[in-house]
Structures are given as structure tokens and as C-alpha cells.
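What follows is a pair of complexes built around chain A, which joins chain B in one and chain C in the other.
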Partner chain A sequence: MNYKIKYDVIVIGAGPSGVSAAINCAQKGLQVLIVDISHNTGGQIYRAPPKSYKHISEKKLQENKTQEYLSREIKKNNIFTAYNHTVWQVSPGFKVDAFNDISTIQWHAKNIIVATGTYEKIIPFDGWTNPGIIGLAACTVMLKSHHFIPSQKIILAGNGPLLLLVAYYIIEFGGEVEAIIDTSSKFDWIKSTVSLISNPKNFKDGIKWLTKILFNKVPIYSNSMIAKATQHNEYIKVKIQNINTGKQESLVTGTLAVGHGLIPSTDITRLLGAKHIYNESKGGWIAEIDDYLRSSLDGLYVTGDGAGISGAIAAKDKGLIASLALLYDEKIIKEKEFKIKTKKIFKRLYKYELFAKAIAKLNSTPPQLLNNIKDETILCRCEDITKKDILEAIDNGAKDLNQLKSWTRFGMGPCQGRTCQYSVAKVVAEELKCNVEDIGYLTGRSPIRPVPLDRAIGEFDYNEITKIEAAPL
Partner chain B sequence: MNLRVSNYFKRSKKIKIFVNNESLEAYEGECLALVLYINNIKNLRLSPKNKDGRGMFCLMGSCQECVVLIDEMKVTSCNVFIKEGMNIKIGDLDEL
Partner chain C sequence: MSKTDIAIIGGGINGASTALELAKNGLKVTLLDKHSICKGASGVNAGTLTMHMTRAQLIPYAKKGWELWMSTNKWLSKDIDVEKRNGLCLAFTEDEEKLLNERSKIRKEYGADIEIISKKEALRIDPNINKNIKCAAFCAMDGYVSANQTGYAYSKALKEHKVKILNNFEVTEIEFSENNYTILSKTGEKLISKKLILATGVHLNKALELLNIKVNIKCLPQQLIVSERMPKVMDTVITVANGKLSLKQFKNGTVLIGGGWPGIGSAEENFTATKSENLIGNMRLACHAIPKLKRSRVARVWLGLEAETDDAMPIIGELPDFNNAYIIGSIHSGYTSGPYMGKLLAKKILGEDVDLSLFDIKRFL
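Moving on, here comes the complex of A and B:
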């Protein structure tokens, strides 16, 4: 595809929020580019199936239908698309660098809408790095987008609605859920229903999932966590522990999937040096935003779950808010239109936020989960950094996350701390007897994703290189 | 048990890929990380310090754990759709 180099708006992330923001901007005549690492729209929640898959009938999963709708809307509104592109750097001004299979490319834009969603929060336990142990969110993508079951038998652990969703699809697709291990109690779930009803569509889905799970008599271990997992040739041995009584039980399984909620992706806003705040119920560190999703930097907007977790349905509305703010700031719409339109959306969003708060409670991290991390447990998977390594650096005087990074290499590997920052921060705050917000967050560093050097350099002729004259001796 | 779900989609044609020179059958365009996973090839690489096995973890291009070598390039296998004859190397990537 031939790209233009300059756009009015670049939307990073083609999930429900990014797509809704892009459409709204394009419909007012702005030149919009939407970029995504995947080969199509959908984000993670509605990730598109591989291109080589062909529908056998009109029977489709709702998630796959929603994704097709998003793609049709993008096409209809003449939005430029850069799928299969991984953004590895965003610089002030704004310049966006991305690479695909072949080369790297730089685009310029007056405005950026960051719609990069979330990644999964997984609190470490002994043996969590063993191959075969995967994220719950990974399971949702495997099932709904790629149409695979991970193994014949599977144990699901963690907390929140993903436990139910994954269990539902495994059973629906003919697999067997050996056990659901939930850190929440049954009472926590019952308490949450009052707020969960505020989002009837999601609530109805939840009831559907639960009914199937109960009908199939899946053993549910409430108030429980994975104390330890060990890998044997063809199976994983899982030690389950009740977080109140300490009672343990062992099970064996083919796949162990674990997830404790979601963490907003802040790679790009941190890289640009926007201000951030800590909000545990929104998922941890998020860019500081006003009611209209403007960040602390001019022309930089943050939307979707990346602006604080509130779910896919709210994400679409947040996309509308962010784009309306952008259109107003660009003087494309007048104050009256801006106020009237956003007011309507805020009414809906208020309800979704109630729902999100209830989900956040179910996804809260009980202290027992953090206390279960042993000295020898690896926290930073990329660099093999254990809790002991972190505690030693603290003993030696490290006081914040960036110091710890320099001293131990935690967060310095290819994932740039996405997998471990949340848990390391909790461990450090516990040790220093302070709050997580007191020890800061990892400074954004480029590249935010590993970029092959040959592609970063690109193709060039020798005479294109800027030659710098040698300094006089 | 067939771990491929065929209630909604038909896969493309059967192809062969090579993992450390051993051939493996799968369907064109399937996700590499998943083809390896369901064939019980879960140990994809070794961690840099302890040389412990690592494999597919987040399946969304964030964690970088599922990196393999294809044509001498390190790539996250969760973002690769397989093609006929693809040559994949797994194991101690720094030694290969």
C-alpha cells in the first residue's frame, strides 16, 4: 500500500475504541491513519481470525461478526490503514515509527490517539515460567480468534470474568475444564451482581457462561490460588492452595492458564513523557487525562482500556469522546455540538463505569497472592530476575523502580517491563512500606517493541548517508 | 482429540513446516505459536541467564516469550502465519 507521510490524526490500535475514534474523525473530513500490529481490526477482544480461514456457513461467533463490522466501517469511511505494523517509537511532533515484515516507516501527524488497550496482569508464582503455562487472555485469543483448544484438559486460575468466558468457550468447543481456581469467594461474585446489572448485555453473557459451567459440573475452587506449578513431560502438576485456610491439593493438567485482570498499556504515553497517575481500580498506572480523554500533552489523546479499564462496550464510547475532544480542539466542531454530543455519551459511560468498578473488585489482587511469591520466584521473565535479586538491590539502597531497573536489569529485557512491572512494584512497595505510586514507573524507552536492526535502518544508497565533516584537530 | 475447532471455519490446505529440521503437518495460514503448542512443542527457547525453557505466554505480541528463529531472524511466533516449507529453529537461540 502506498502511504502518505502526513496525516491529521494517527490512531494507534484498531480495537473497538481506536476504530470508533478513527471513524468519527474521518467523517468530519480529517485524514486519518489507523495502525495495528494485527492483520485486521478487532484488537484483542475481537481479534480477527487468520486470513486463510474460510467460514463454513452463516453461523458466526458474535466476536467475529463485530470484528467484520469494524472492518467494513473503516473501509466505508476511507480511513488509511496500516495493519501488520508494529509501532516501535513515537516522538514529539508527532512522528510515529513502525515496522512490518519488510521495512520500517515513519509517519507524521498533528494529533495522536493512543488506543493500545491492555495486556494481562499475571501475578508470579513458583514455576510460572514453565512452557505450557499461559495467560487467560491468551486462551481467549486462541479460542475466539484462532479456533484452537489448548489441550484436552485445562485448569483455569486467577480471577474475574475471563475465568468464566474461557471456561465457557472450552466447553462449547468440546474441551474439558478440570478446575476453575478463583481467588474471589462466591460471596464476592454475588455482591458484584448488583453493579454488574448496570451493563445488561455483559451481565447476560456472564449468566450464559456461568450456566454452562455449572451444568457441566466444573469443580470451582473459590478463595484459592496456584501455590506452585511444575512441568513434567506431557503434563503440568499444579498445587492449589486455599488463601484463607492454607489447605493444599494437587492436580495434573495439560494446560494451566492464569490471569489476574488487565493492565493499561502506557508504552507510548510514557515514551512521550506525558504525566501519569496511579489508579488501582483502573488497572494501575494510566496517563493523566481530563474528562474528555486529553492527555497532559497537546494533540495527544488516550482512549479505550488504555485510558483505564472499563471494557469493550465502553471503549467504543470513549473513542467517540476522545475524537470529539480532538475535533473541538481542532476547531472543526463548535462548543455547542461538542457539549451536547459528549453529555449524551457520558450518561452511558457512567453506567459502564459502575460495571467496570465491580469487575475491578473481582480482579483485585489479594495480599496472599503477593505473599505467595517466594525469594527464588522469577519476577522478570526476560532477564531471570528473582524476588531475592530485587530485595538485595533494595538492601543496597535502591529506592524506586528506575533505580532497580539499572541495578538488577529488571524490566530491561525485550518486554520492557510489560509483564513484570506491576508485580515488582507491589513487592518493592511492600518491602519499603510505601505506596506503589511512591516508587514511580519505568521511564518510557525506545524501542517499545524489539525492532530488527536491518529494518530500523531500512534500504538506502551510500550517497544518501549524511556525511559529517571531521572536527578540526 | 482434535484440538482444532471446526464448528465455524474451514482451514486452508495441509502443508509441511520444519522445526529444527523435523517436518510437522499443519494448515496454511495458521498461527505458528499455536501449531507448535498443540503439537506439544512448548519449549521454544531458553532464558538468557538461567537457560530455563520458555514458551508461548501472552499470545498478543507483548511478552516476547514465544520468540523463534525464522530465516535467521528472531520473531514472535504468535504473530507468524505459517507457509509451506517454513524453516523454524527453536532452542538456545543465541547458540543457533
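Moving on, here comes the complex of A and C:
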């Protein structure tokens, strides 16, 4: 691809939402580029197996089939693709900087659709940074995209439907789930059933997963969490605690996979200075959007779970809404078409929202998880910042997240606070007796992902370096 | 409504240093900030303590500032990392060699202990630098501070000396009557003070407007780049002849690339954005100076807003036609000399005989 190519629209993220938005724009004649860090479409939910895997396995998962469908659709609609490209910066105007295996590149676009999905949420506990402890969502990537189980024996902990999905796939691929540690109670699940039925396909999947788990007699610890995990030579010792009674029990296992839900990705919208709001049931901080997924900045649209968590099926429709808004704003479709089309989609989305709300409840973070964070527990694993470090800075007058970042270095590591911001904010709000929204969010900083310097600078002669005015003497 | 002896508007390095010195001398000081202590340029600058980038006329002040930074455990706090390093200023071409000679000579005349050294000598001092340099300028008076810790260190010290800090105090009005200044905030807070100091950094023109004084203050949005932690790749603080690079490796292994390459930003909108071509230019220059840097990855880029007057010299001293009103700011490489400049202004306010004529605001009125 050439340097500085202009597009009408750049879609960042080739998951279900990004793909549906890209197709809709391309079908109306816009020049569309879709960019993704992975080597193909699919996003995290339908992640494509690595290209080098020639004979991945006999099994063809439904996720893999959906992914192939998305890629075919992209090709059919003559959408420009930049797979294997990591977007590291988006600046006003819009300029999108990305890098691949060799170099960096900059594209220009009049409009940006952000479809960057979510990150995994893990509420820290003593020992969570030990080797052998992985994220539940990371585990789904190993399973769906690599058809690989992290170890023969595994304990799954956290909350929400991901617990069941991962358990199902591990058993399917011949592994042994030694226990499921669920912070929700059985009653929480039953309560959610009514709403979950609103999305029959997902509900059916859930029943399928649960049946397999029950058939395999996997012990389920409801109302329970991991109090502590310690790493030994050959195994991990996991201390399980009942949330209500405080009763503890220890188990040993090969791998512990933990996940407490998902957090919308807001790196790009924060970087561009768009407005954000806090919505716990949508996953935390999200870009402020109108009903048609327009952000507070002209030409910037946000779709999929990154605009608030509502799941993969809704993501596709959200992609349609965002692209219709864009087409209408660009005066490519008339108001009538815009209204009719979006109305139809909103009807469907309403149903998914009920489902999303039920999932959000199962995904919510019980206070006991946060209370389990000890003074010595590491919150920011990039910089080894403990809860005690944060409390000390607060004691000396720090009052908001950005100030705490600068004073303690939390969030300054390669992950830029993606992993720890949620828990640190909760700890700070608790200490300052205020709401999470009162202490702000981390200012967006480039690069969104660490950029290898050699690729950023490329091959150059000394006299080719941009000339700027000398400093005054 | 509260009362104080002296109100300082702006909690950056200048305001905070002045506040600390005044409080140590027994004054009741209140420090106001629109956001929080050292959250602006003072907390996000590169923290370079070099003579190679200092304006010649400011060298005597920067030297004093450097000495203060090297002894922060005595007067500020032990909670801030300060490192003494040798400073090397590199010339890669013949033109740069000429420029380096000229500039070093003038800085030397103003008291900087800088000497031009050969390529061989420079490579002995820091074997990591590019072998293709023409020559270098050497100065033993160099080093750096972890600027992100500035706010933490000053907050602790100010608290200890009973300085009252009011965060999120955005001043919207200043009234003068009966020998008192009444300062009003956006949220309706009110503070009465006998004396007033304006130290609002890049917003200095805005603060002056509240007193109906018009001075042009340029806002320079400058980009900074920091790498991930990496094994040791350099021993010195590196700068270049035209002053557009500062480079050093912190104790934790991260390398900070600075030099004041412009980005996008405005003081009023409180928004900054990067300019890719300038990021890449800055990175290229850094990797040219220290080739091993290429192995690293950029972890973060951010911007700081530097204030500059029309002659790029500071404004420090009394405000004419006002009683007991002072100003401090727009100090080029202000982080290095800030603690000393603050001390000077405090001395002036306390009645000592201090010559600040070089920085008099009258030259702009």
C-alpha cells in the first residue's frame, strides 16, 4: 500500500461490527479501508486461525465458519483491507498511523468508524500475576483460533457466560475442567433466564454449553471467588472463598483462567479528545454517543462492544446503524431511507439490549471482589504498583486518576492502563468516598500499542530528517 | 471566604518554588491551581538539567537551579529521582560543528563550563553514541529529574511547611481594594490576600488580562516520547548542536526522547495532539544519536505546553502600577532554573536586594 492514501472512511477493527459497517459504506460507493491488527476479519469473537496453521484440527467451529463468511463479504464488496496492521495513532483531521511487520504507514480519511471491541477485565487478587494464570478471554482465543488448550487440567474463575463457553470448549478439545468458580449465584443465572431467552440463538448455545458441563460433572462453586493463588513448581494452588460465608477451600491445578467481564476499548476516542461518559452496565467508560452512534466529534463514529457492551449479534446491527448515520451525514442517503432503515434495526437491537442487560448483570463486579484486594496486591502489573502505593499517593493529596498516574507510574507501562484502570479507579473512588466518574479517566496517549522504533523511523539518511527551527540561543 | 498573606495563582514549578521559599520564611501562603500541583508543563516536561540547551543569558540562573536540583533531599523531598550525568552535545555535520563551536563559546562566556572535545574523547565518555560525529561539546553539569514526580515531591514539601493548596481553583476575577486582592473562582470560592503572584505558565496572558495588562505569550505545544524499559543503551545526557534533541535513559531503563519538536495544542482548549512527521523526525534524530535505541519500542507519547514571550526571555518581578503584585514565568528551559527563580522572587518579596531587571515585564508594556 502506498503512503498517504485518502479514503472516505477508515474502519478500525474487523470484527462483526466493523465488517458490517464497512460493507454498508462500500455498497453506497464510498472508498472504505478496514484495518485490523489480526491477519484477517473476525475480531476477538471469531478470531481467525493463524495463516501458518495448515492443518489446525479436524474440527471446524461455528466461529471459524462465521469468520470465513465475513472475509468473503469484505472481498465481494471491494473494500480495501489492511490486515496485520496495528493502528498506533489517530490524530484530528483524520490521520491514521499504523505499523505492520516492516514499517509504519499513514492514511487520511474524512470519517472514522471505531470498532475496536473490548478488553478483558480481571479484578486483581493476591498472586494474579503469576505464570500459569491467564485471562478467560485469552483462553477463548487459544481455543477458538488455535484449537489449543493451555493445560490438561484447568480451573476457570470469574463470572458471566464466558465461563460456560470456555468450559465447553476445553471439554470439547479433550481437556479437564477441574472446577468452575463463579461469583454469581445459581439464583442469579435463573433470574437472568427470562431475559436471556430474548436471544434464542445465544440462549440455545448456553444450554448446549451447560449440558456438556453438567454431563462431565464439573464441580461448580457458585457465589465464590479466588482469594489467592500461589505458584509452585508443577502446579498452581488456588484458594477459593465463598463470597457470602467467607469459607475457604484450596485446590491445585495446571492453569487458572480468570475473567470478570469485558471493558470497552476507548483508546482512539480518548486520544482524539471525544467526550466520554461512565456507564457501569455498559462496561465502564465509553465514548458519549447519540442513538445513531455518532461521537461528540464530527466524522467519528463508534460501534460494536466498544460503544458499550451488548454482544456480537447486536454488534453487527450497531455497525449498520453507525454506517447509516455516516451515509446520512455525508448526504449519500436521504432522511427517509435513513429513518426507515434505522427504525427496523432499532427494533431488533431493542431485543438484544434485553439480552445484553442480563449478561451485564451476570458480568457485574461484586464488591467482595474489590474488598479482596489487599494492600500488597499488585494493581498495575506493568509497573508493579500495589494498592498501598495508590493509597499513599492519595494520602499525600492526589485526587484524580491522571495525577495518580504521574505520581505512582500506574498505567505508564506498555498496556497504558488498559488492564488496571478499572480496578485502580474502583480502589480510588472507595478511598475518596466518591464515584468513579468523579476521578476522571486516563488521558488518551499515543501510541495505542507500543511501536517498534526501527519500523517507525524506517531507512533514512541523516539529511532526510525533517528540518525544524533551531532553539533560540 | 478565606484570608492569606500571599496568594499564588498557578501551582507549577515557579509558583510552587516561590510558595515553598516564602512559607519557609514564615509567610502564610495559599497556592491555587486550576487543576492540581505541577500537572501542566512542570509535570510533563523532559526533566533535562542541561546547560547545552539553556539560553546563554540564563546560564547563571540555570547553574544555580542545577545545584538546587542536585540537593533536593535537603530542601524539597527525597521522593524525587534526580541524577547527575555528563552532558554531550553532538555535531554530525560540518555546519553543525560550526554552530556547536559558536553556541558553546557564547554559553561559556556566560559561565557554562562547556568544552569542545574530539570524536575520540566523546566516544570514550559514552561509547554508545554514533561513531560518525564530527565533534562534541562536553559539560559535567548535566543530568535529569523524573519530572512526573514533581507534583508529588512539592505537594509533600508544601504540606510540611503549611502552605494551603487549593486544587481545581480556576480564577475568574481579581479585584483590588483597601490594600487587598480578592480572588474569585469559577465555582464561587473567594480568597482575600495582601499579596498576589501570577505563575500560571502558558496561561500567563490570561491571568494578566484579569488585571487589564496585555502581554503576548506564545504557547508552544511540544512532543515527548518515551521508550519501554530496555537494557542500558547510554550513559550521558545527549543533546545536539541546534538544541532540538534531548535524550537520556532513566534508572528504570526507559529512554526519554525530547527536544521540543512541535505538536498540535492550545492552552485555551486544553487539548493536544501529535504531529506524526515531527514524531518520526524526533525519533530518527534520537536513533541517529544512539543507534542501539532502534531496538526499543515507543511506549508513550505526550505533549506539554511551553510558554514563550516575544523575546523568549522570562518575566519575573513586580507588576508596575500595582501594590504587592508579582509575576513569574516564561522561563526558557524553565524547569532547570525554576527552583532558583522561585527563590529569587521570594527573596525580592521578602525585601532583599535582588536584581531582576533583566526579566522586567515593562519591556513588553
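The definition used in the following text is that the second predicted complex is superposed on the first by the 451 of 473 C-alpha atoms of A that agree within 3 Å, B and C clash if a C-alpha of one lies under 4 Å from a C-alpha of the other, contacts with A are read in each partner's own complex, and residues count from 1 in each chain.
Simple rule for what comes next: contacts are C-beta pairs under 8 Å (C-beta built on N, C-alpha and C of every residue); 3 or more make two chains touch, one makes a residue touch a chain.
This is a predicted model, so every value here is computed, not measured.
When the two structures are aligned on the shared chain, A:D97 is found in touch with chain C, with no touch to chain B. Of the two partner chains placed by superposition, chain B and chain C are both touched by A:G413. In the superposed model, A:A138 makes contact with chain B only, not with chain C.
Using the contact criterion defined above for the overlaid structures, shared-chain residue A:S52 touches chain B, although it does not reach chain C. Touch criterion not met for A:I190: it reaches neither chain B nor chain C. Which of chain B and chain C touches more residues of chain A: that partner is B.
Once chain A of one complex is fitted onto chain A of the other, the partner contacts of A:D384 are limited to chain B, with no touch recorded for chain C. Touch criterion met: A:P452 reaches chain B and chain C at once. In the overlay built on the shared chain, the residue A:I340 is in contact with neither chain B nor chain C. Residues 413-414, 450, 452 of chain A lie in contact with chain B in one complex and with chain C in the other.
By the touch criterion given at the top, residues 37, 39, 44, 49-56, 59-61, 64, 86, 119-120, 129-135, 137-138, 141-143, 146-152, 173-175, 231, 234, 265, 381-384, 413-415, 418-419, 449-450, 452 of chain A touch chain B in their complex.
Against chain A, in their complex, chain B makes its touches with residues 1, 3-12, 27-31, 34, 37-38, 40, 42-44, 47-50, 52-65, 67, 73-74, 79, 81. Residue ranges on chain C touching chain A, taken from their complex, read 36-37, 39, 43-44, 53, 55-56, 92-93, 99, 103, 106-107, 148-149, 151-152, 155-156, 159, 165, 167, 227-228, 242-244, 260-262, 264, 271, 273-281, 283-285, 287-288, 293-302, 312, 332.
Partner chain C is touched in their complex by these residues of chain A: 89, 91-92, 95, 97, 104, 106, 272-273, 393, 396-400, 402-403, 406-407, 409, 412-414, 416, 443, 445-447, 450-454, 456-457, 460, 462, 465-466, 468, 470-473.
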